[in-house]
Amino acid sequence: MTACAREGALEVEGLARHYGEREALSGVSLSLEEGQTLVVFGPNGAGKTTLLRVLATLLRPHEGIVRVLGSTLPQEAWAVRGRLGLLAHEPLLYRELTARENLRFHARLHGVADRRVGELLELVAMDGRSREPLRTLSRGMVQRVAVARAVLHDPELLLLDEPHANLDPAAVELVAPLIGASSGRTRVICSHDPGGGLAEADVVLGLRAGRPALLRRAAEVDPAEIAELYR
Amino acid sequence: MYGKGLRALSISTVAVMTAALALVFFYAPLEAEQGFLQKIFYVHVPLAIVALCGFVAGGIMAIQHLRTRDPSWDMRSYVAIHMSLIFGVGTLITGSIWAKGSWGHWWVWDEPTLVSFLIVFLLYATYQPLRFAIEDPERQARYASVFAITAGAFVPLNFIAVRLSTAYVHPRVLGGTSNLPAPMALTFVVSLVAIALLYTTLCKYELTAKHARAQLRALRRRLAGEGAAAAPVRKGRSAAPTTLRPAAMMTARATGKDGI
Amino acid sequence: MRRTVGALLRKELLVELRTLESVPGMSLFAVTTFVVFHFALNRNVVDGDLAAGILWVTLLFAAILGINRLFVADAEEGGFDGFLLAPVDRSAMLLAKAVTLLAYLLVLELVAVPAFALLLLGPPLGQALPGLLGVLALGDLGVAAIGTLVAALAVRTRARDLLGPLLALPLLVPIVIGGARASSPVLASAHHGGPSARWLLTLGLYDLVFGLIAYALFDFLLED
């Protein structure tokens, strides 16, 4: 484990993933150190979600080397599961269950004590309505529960797909200690918000049609370059 | 790669087929009870045997696909099952004709082999719809393999179950082809070889055609790719030697593509 | 493994209790089908082969309703991804789902078998019950194994409502053969004694083989 820690949290070299003959990602290389934040920009269909799913061990890389937290994917995917938290487009929660039931279910899968569920519900200010089925809650509330699910097992690496979607400014502030820079976790964030995204980033990756169009330290990136990606 | 030996295989198939037909019509004696109609046996039974072996072979290739994740095994499994389905239609039609001729009905339920064949055929008939209902080609291949393995194991199990059920109602002597007179047995064996060769040849043709088409698409894609960042062609496909006669064809395709 | 299966089963139970989508529908369907059989066959009472056939066909079609819904919530609400992200054995999901389906079938039979005895069966249920229970249990195991595999195969396809039954029915034919043949002497008017050992053995072997096949292949259906 200590040997892993010295390496970067992410090492990606020439990653490609295709769906049949359509290439969703190709030639993506990047590296990220522990505690840093990578922000991925790109228009819809540029491959952001695919990249996130590959890093989350949900999709196998077809070409290239992918090392996440010191483990090579897909062979050592088992070692990474449980050490990363994914906040995807979908909340990955059952609509018919309550927030508490959903989180308890995930707590059991991850071997986390039930006590942590109550703590997290308070942290995302959902303890008041934690006993109502999710389908009766607003999308912003469901997103808050999803944030709680993503950090339930205290992951080292967070993979966030537009984490602030559906959240009002107060809620964004609320979840900041969990998934924001102050959480101290290594993060990969897919974003559509050039200003806000850039402010959080240590490293910026721009994708266009599955290929890297921009990869640089955030300090050296001009916001205009990001706007250019969406042209 | 797939095209190699195709000509020799085709020629030997035609030769053995001719020999088999000649034996069926001029050598094999007329059967005492059923007369000329019994000759359909030399087509029906080999078709059934080859189709079933093809289904099982498709399952074994599917195991290879799941183990190696090599898409070419999925392709082989697909072609084997697909061709077996066609042979299966032939089996059911010839069986039906035979049943009509000897028992007066187009379908009889107390022929366990035919009944089990129908059940197997109905199961495999969902193979293509299953494939078409999955978009992602990789998942399609994986799911199709899971189906092919399950169904391949189902083939013998189903035969045992159906035979048990029929034997239970009408106890019958389980006599096979072992007590055929020698000329009939010889004709049967040659027919079986002929049908098996036909199956192999057709599979090989289809594989070759599919392979060539895939290569063509890969080439087209490479030509369409922008300059230096040419799309890397998938392994396994690029590794195969090309069987195309290129220059003229490729440029024609390329301009066609540019027009779009 | 036990912890994971427990968590999954608990989740299944909660979802089913809240939505009541599967079990009540299956049971109601079975009872309605008996009524349909009464009119379709124009019979007030049935026994023997016919009784066994009606019972098994009804149970089978009711089971298919449950099979079709088995993974829908997981496929549509991201339950698969949520499960795959956890550091757990994937076979736990197969086991949990098969147990869930088995429980559905048991509840279904708890309703359907008495209803069948009340509505259609000629001979008294009492004498048939001991033999019938054994046959039903063996049949249910096979339906649970095959049903779970087929449901997982069909759920992430475009035509899942169609493909599920089309895949399941032929695979379940041997279970119908075994189940119906084994229960026919039990349901006969002149009681012929228990189900024949041969059919019970056939059912048992079929269950075992498909249990192993489902175990070996299920993981391939989860990954992407």
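Letters are used for the chains, namely A, B and C, taken in the order the chains are written, and counting of residues starts over at 1 for each.
Criterion: a contact is a pair of C-beta atoms (placed from the backbone, for glycine too) under 8 Å apart; a residue touches a chain by one contact, two chains touch by 3 or more.
All values derive from a computational prediction rather than experimental measurement.
Of all chains, the one whose mean C-alpha position sits at the greatest distance from that of chain A is B.
The most centrally placed chain, judged by C-alpha centroids, is C. Remark: among chain pairs A-B and B-C, B-C carries the greater number of C-beta contacts.
For the pair chain A and chain C, the distance between mean C-alpha positions equals 40 Å.
The mean-CA centres of chain A and chain B are about 46 angstrom from one another, to the nearest whole unit.
Chain centres here are Cα means. That of chain B falls 33 Å from that of chain C.
Listed for chain B are residues 135-136, each touching two or more other chains. Among the residues of chain C, those touching two or more other chains are numbered 223-224.
Chain A has no residue in contact with two or more other chains. On chain A, the positions that touch chain B within their shared complex are 16, 18-21, 23, 26-27, 63, 211.
Interface residues of chain C, counted against chain A in their complex, comprise 3-4, 6-7, 10-11, 14-15, 18-19, 73, 77-79, 81-88, 223-224. Interface residues of chain B facing chain A in the complex, by the touch rule stated above, are 135-138, 217, 221, 229, 231-232, 234. Interface residues of chain C, counted against chain B in their complex, comprise 149, 153-154, 156-160, 162-163, 166-167, 169-171, 173-174, 177-178, 181, 198, 202, 206, 209-210, 213, 217, 220-221, 223-224. Against chain C, in their complex, chain B makes its touches with residues 66, 119-120, 122-123, 125-126, 129-130, 133-136, 139, 142-143, 145-147, 149-151, 153-154, 157-158, 160-162, 164-165, 168.
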